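Per-chain numbering from 1; labels A, B, C and D assigned in written order.
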Amino acid sequence: MNIFQRRESEIRSYSRSYPTIFERAEGARLFDREGRPYVDFFAGAGALNYGHNPPAMREALIAYLQEGGVLHSLDMATVAKQRFLERFEEVILEPRGMDYKLQFTAPTGTNAIEAALKLARRVTKRRNVIAFTNAYHGLSAGALAVTANRHFRHEAWTQRLDASFMPFDGYLGAGVDTLAYLRRSLSDTSSGIDLPAAIVLETVQAEGGVNIARTEWLQGVADLCQQHGILLIVDDIQVGCGRTGSFFSFERTGIRPDLIALSKSISGCGLPMSLLLIKPEHDQWKPGEHTGTFRGNNLAFVAATEALNYWATAEFTAQIAARGAHMSARLHALAAELPEIEAKPRGVGMIHGLEFKQASRCQAVASEAFQQGLIIEICGSGKNVLKFLPPLTIDEATLDAGIDIVRSAVLATAKGSPALTTAPSE
Amino acid sequence: MNIFQRRESEIRSYSRSYPTIFERAEGARLFDREGRPYVDFFAGAGALNYGHNPPAMREALIAYLQEGGVLHSLDMATVAKQRFLERFEEVILEPRGMDYKLQFTAPTGTNAIEAALKLARRVTKRRNVIAFTNAYHGLSAGALAVTANRHFRHEAWTQRLDASFMPFDGYLGAGVDTLAYLRRSLSDTSSGIDLPAAIVLETVQAEGGVNIARTEWLQGVADLCQQHGILLIVDDIQVGCGRTGSFFSFERTGIRPDLIALSKSISGCGLPMSLLLIKPEHDQWKPGEHTGTFRGNNLAFVAATEALNYWATAEFTAQIAARGAHMSARLHALAAELPEIEAKPRGVGMIHGLEFKQASRCQAVASEAFQQGLIIEICGSGKNVLKFLPPLTIDEATLDAGIDIVRSAVLATAKGSPALTTAPSE
Amino acid sequence: MNIFQRRESEIRSYSRSYPTIFERAEGARLFDREGRPYVDFFAGAGALNYGHNPPAMREALIAYLQEGGVLHSLDMATVAKQRFLERFEEVILEPRGMDYKLQFTAPTGTNAIEAALKLARRVTKRRNVIAFTNAYHGLSAGALAVTANRHFRHEAWTQRLDASFMPFDGYLGAGVDTLAYLRRSLSDTSSGIDLPAAIVLETVQAEGGVNIARTEWLQGVADLCQQHGILLIVDDIQVGCGRTGSFFSFERTGIRPDLIALSKSISGCGLPMSLLLIKPEHDQWKPGEHTGTFRGNNLAFVAATEALNYWATAEFTAQIAARGAHMSARLHALAAELPEIEAKPRGVGMIHGLEFKQASRCQAVASEAFQQGLIIEICGSGKNVLKFLPPLTIDEATLDAGIDIVRSAVLATAKGSPALTTAPSE
Amino acid sequence: MNIFQRRESEIRSYSRSYPTIFERAEGARLFDREGRPYVDFFAGAGALNYGHNPPAMREALIAYLQEGGVLHSLDMATVAKQRFLERFEEVILEPRGMDYKLQFTAPTGTNAIEAALKLARRVTKRRNVIAFTNAYHGLSAGALAVTANRHFRHEAWTQRLDASFMPFDGYLGAGVDTLAYLRRSLSDTSSGIDLPAAIVLETVQAEGGVNIARTEWLQGVADLCQQHGILLIVDDIQVGCGRTGSFFSFERTGIRPDLIALSKSISGCGLPMSLLLIKPEHDQWKPGEHTGTFRGNNLAFVAATEALNYWATAEFTAQIAARGAHMSARLHALAAELPEIEAKPRGVGMIHGLEFKQASRCQAVASEAFQQGLIIEICGSGKNVLKFLPPLTIDEATLDAGIDIVRSAVLATAKGSPALTTAPSE
């Protein structure tokens, strides 16, 4: 029995889905202890949009360590933090005409959501929050209350903390306008839905199954927020930082959320860091009301500052568009080529999903793909959507290599390969 | 207006208490942008027990980066994680005869507490949790419910999530046995206190004012837990990892908590990392039920493995004892020398508090000390306790230098220095 | 200033809508202190289905008082209670082949709902409960959690007690099948809707605006309950006891709820009394777990026993059908005659609603009707539905007299009568 | 199997403790179907302070029924309600210089508490409420949250609704001042006890074991309420209406609660009725926010108006004092005579408790007493306190007869009578 089985809690999950011990990583590839390479279509669940160990970031980290830079600073001011703030203002906020304050929360996405919910409740003096079917916002008690998946909502510990769930765009099928129900629930005083402090949403539900909200739906939600004095919180933790093609996932819609949660790829190379962007008029915090020991993870600031260089020109955006189009084309071709799996591809930018009719086949494909050297995750409440989340920096050849493995795994599993164990979701 | 004022949220706190911009750090000293040194008696609120940038850890981190080690791995198995697990078993668990499973939670203390509360509720099928006056366990909704300080408990967002507060040891004065009330509350079916899933406590309340529970009180609580089938959760986030003299803070009492939360100094040099130790019979998690993107912060594992070397021999323990005794002697001498401040020193290992009669004087001393080159925090609900939390690795000369500054600041503030702004607690 | 203004709380409501002091009542008529008669189309919000002071009940009460019968008995056995139980079994349960246990809750509808929710949670070991838009189940904290109207859900006191709201039949317009959303929410593990202990509903939402669920919708809900092990609670407090044509409102659908709440007209003449009917397999209470001082209101038992005589033959049912048909015909005629009010009549049995396009007109009509000697209430979240709820025992002439007043009030308000103050809902 | 066993829910309780079927009642005596008399030392758990069927009330009820008075009126104004209001003002409020508004809640004590908690939360804009060990305030969800007894607090349904429990006067023994803990909890910002909207208490905890708060303790609580802007709610449901010697139980202390809940004996003869008395400055309700069908139980108003005659002169107060002194003397004599039961008598006015060392003996005594013709209840969380709650109108001979039965039952059970089944509490 190895040390993981002997000493790690039964809660361990991905080490079961991807049963090897990883050692090194570079770009879009991981290598295990035996030196075996794996193409990475998982990218740390969105934390590695710039790939593993990007050279510029790695060098910046080494230099910082060698200089004896401050590593841990709570929320004291440091040079590393100052540089990040300045660069974020220069590269992200100013070009987009966005005026936001930054809150460095504890360095987890769930903590940024906790902060957003607290702040929205303070600002509006309301308690209820509306979230959507298939939402994933984190697992600490406040964030869990707006996370939809029963897998995480055990009766023993879940409290329905002033949260109401509404159907996401498309949830009831193409013919049903879920915005109408939301609109009615807000305006009708007998809907049972207390007027909320906030509506929290992912513009693309990643864990939830690569569900892409239409622009007009998102605009409709934003309009309702404005009409009713509700704060709109966009959780851009998984699909921000370029995943959908622009730095923020909502840029395609023109909306301006009141609060924006960022984490995962904000630090550039997978170091823990989280941010809450706040419209200045909502920045009603008192000093120190929501704190945490690791808000000042300076290594993360160093890498994050470096990562912002990707956004200094339009080049990177163009590259994502090209790679995304290529992914889309290949996945549609795959679906067309293999009609027996009845797969439906969908996606935007460089997040794509391939929905299988049968969850067991989907899981078998993921397992087989791992055997063939590809790390890919399953998502969706039916555990039947293969999620394509390669680094945004992947080259086309590696992208093709990964998709080729998926194709091969589909074929292999068609031959009667036994369904393998479920890959639990992140 | 600088970038911090312009772009950082009003919630910023320590950057107000310590108004400079830090750049480098080494051992027990921080240096700001102008090169000015500060003795650090704060140690990242307990995250830097081994000081800033310990050379061995720094070198290990640089080497790992140079080798292209995996940085981010969710909860996949990695070589860096394997080494940590093996070393933790070898150096910490086995010598103490402790059989525990390790859960790598999201890398914040509050998340380890969230996990502990969830698990205790699952195992016991009860919902209530007992916490204590002055407790600080974190600020995400689940942990906040067991955090006592109203500063963090705004009406707008706090939910009383199945938590009951009881008086901590000494809370009602020396003459009142608070254990009696706890015992009665558990055994009397009409106490209003629902039989809890867990009792969660810090053996020394650090944020709460350096309140040290007596051994017999802690043993009494542990006995009550056993009698009533309650899980005992020790939050060793701030006072574990050697702070009180032994690796775990409860070693002096002989108790064996059901769940132990570690964070802060577990990674050795302030990188985000958290652990929940679980008695095997309570490890009833299902895979993936409580997850988080940054559970696999491999840089932290690398440094953490290196940090465990401090515990491989008895030498470090002896050194903490010696330094702690020196601190105690100096603080008692200080109190005796300056009777007009009516200061009461207390402490264990290398966490000490100096309680002032007047909060304004205490705050003035902390501010003046910063002017003189010392970083020191105020704690306690009355904001009148100066908390001495130097790195455990500090040499005696630097320790003396810091205490000398406190002495000097006390004298300076006696001359009628205006009371300075409050230092908000972490 | 009269005593009501001087001493009664500002919460007083109907005394504002019907500004006179009532003294006597008989059948379908109330008389005020000046002897002025009012036709009663309100019937105590459904508590007076048999009219005011039915002679047989009144005589039974007088006789009981004269004999010195026990008035108050908590839940001790009394002869009056025994007689009620025997008669209820004989007249109601046995002819319908219904095997239910009776729980005498505290004598308010809200308390029967509190009991039902507790029991459902105990039986299923789940916490969530699904209720519907426009639901009204009472105002104590447990029942309020499943009551939809924001008028009652002040932020200061409402807790979202494990309740999820779903759209009632017809809520999203004729084209949208709300059952589909409910079905999906239960079967999809990522709907955000925790699998509930119970679904609680009114088959006709009276306070909510006379919203009548279709038989197939109710059957669909009952089927879903069975599939998912959910208890179906029918709140027959306002529309039971014959209001819709049969003793229970759900008899038209063939469903067999797990729990049935009765109150209001169960005592026959408006005395406080409530019942929870429980399928024997769900009767898992332990003695005394849900109690209340006034569970043994023996005067109510005496009148209730007498009231059951109405159900001993088929005659009463036939009479309700006839009167209901007459009401329907007259209201449709009225709507047709006065197209300018764009009124939509709807109803079943002897509960009918007349929905106005404009709430102000509807309110003006109710006020004018009161001036002309009719007591009638407004319902619905838009406060634009006139609710016709006469005693079931009303004779056709009085029924016509009341409807004539409505017609006259519609005409009067058309002439430019100022809109009068809103009649708050019960 | 009789109809109660066949059709009444397993929750039935007193019908098990007092296994007979009652038929008539008069003064301090109940009679069962066989004509067997029982002295009543239970008095409807305090609902029958004026005894069963007081002739004046009975006659008033019969007259009202004969005149065709309105029975049910929601909260419309009626002559019967007007008379009650006028008489209450004249006899109760004015002589005591008390300026309060009256809210007629749903006719159960628990509903008056629900209303009080809602109002306190609205007025103060705070959520927490402090209640005490052994408190009993009712069982609907809001009231249950401030009821201490675990017997009623099943994990399945209890929500800890913003309630904190504190030790009642004497809870920690004679030597411990529980007021000190309350004071500290309110003033210390790190007590974990959120500053509450209200403190709710019974001046004598009846269900809780006849625990009598000392005058100085009650005054201390009232002072703390004033200092912190907390509303003081006195639950006088069981011990108001003369039980402790004066109309309100707190008259002995001089305090003026912000809100006072009355029920049980307020209607004089056990008919459902409840009141909330509100200081005018706190009467911030909006019309109809907290309603209920049976707020207008006019029979109760008729009897209640009649009952107020007892308070028109000082005679009744004197009589209670005399009877109470007699009870006290007899119970002390009994305890002294039978030292082997180690019974401790305590009481005030006409509520007395006899605490047994052994619960089994106490229960055996109650059962044996019933066999001998006495109805008496057990209270206290240890189920070891015999509660003496005779009608206030009892004559001395009947009082003695009842106490004689207790004495006889103590003797009988000493001879080795098998312990009988537990009498569940109300």
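By definition in this document, a contact is a pair of C-beta atoms (placed from the backbone, for glycine too) under 8 Å apart; a residue touches a chain by one contact, two chains touch by 3 or more.
Keep in mind the model is a prediction, meaning the values are calculated, not measured.
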| item | value |
| --- | --- |
| Co-neighbours of chain C and chain A - touch as defined | none |
| Chain whose average C-alpha position is farthest from chain C's own | B |
| Chain B and chain C: spacing of chain centres that average the CA atoms, whole Å | 57 |
| Inter-centroid spacing, chain D versus chain C (mean Cα positions, whole Å) | 31 |
| Sequence positions of chain D contacting 2 or more other chains | 125, 127, 151, 161-162 |
| Contacting chain pairs - touch in the sense defined above | A-B, A-C, B-D, C-D |
| Chain B partner contacts - residues on chain A that touch it in the complex | 2-4, 6-16, 18-26, 30, 33, 44-48, 52-53, 58, 61-62, 65-79, 81-82, 85-86, 88-89, 93, 101-104, 106-111, 114, 117-118, 121-122, 125, 127, 138-143, 145, 151-152, 154, 156-157, 159, 161-162, 237, 263-264, 269-272, 276, 278, 283-294, 297, 299, 424-426 |
| Touching residues on chain B, where the partner in the complex is chain D | 125-128, 131-135, 147-151, 153, 155, 158, 160-165, 167, 171-172, 176, 180-181, 184-185, 188-195, 208-209, 380-381 |
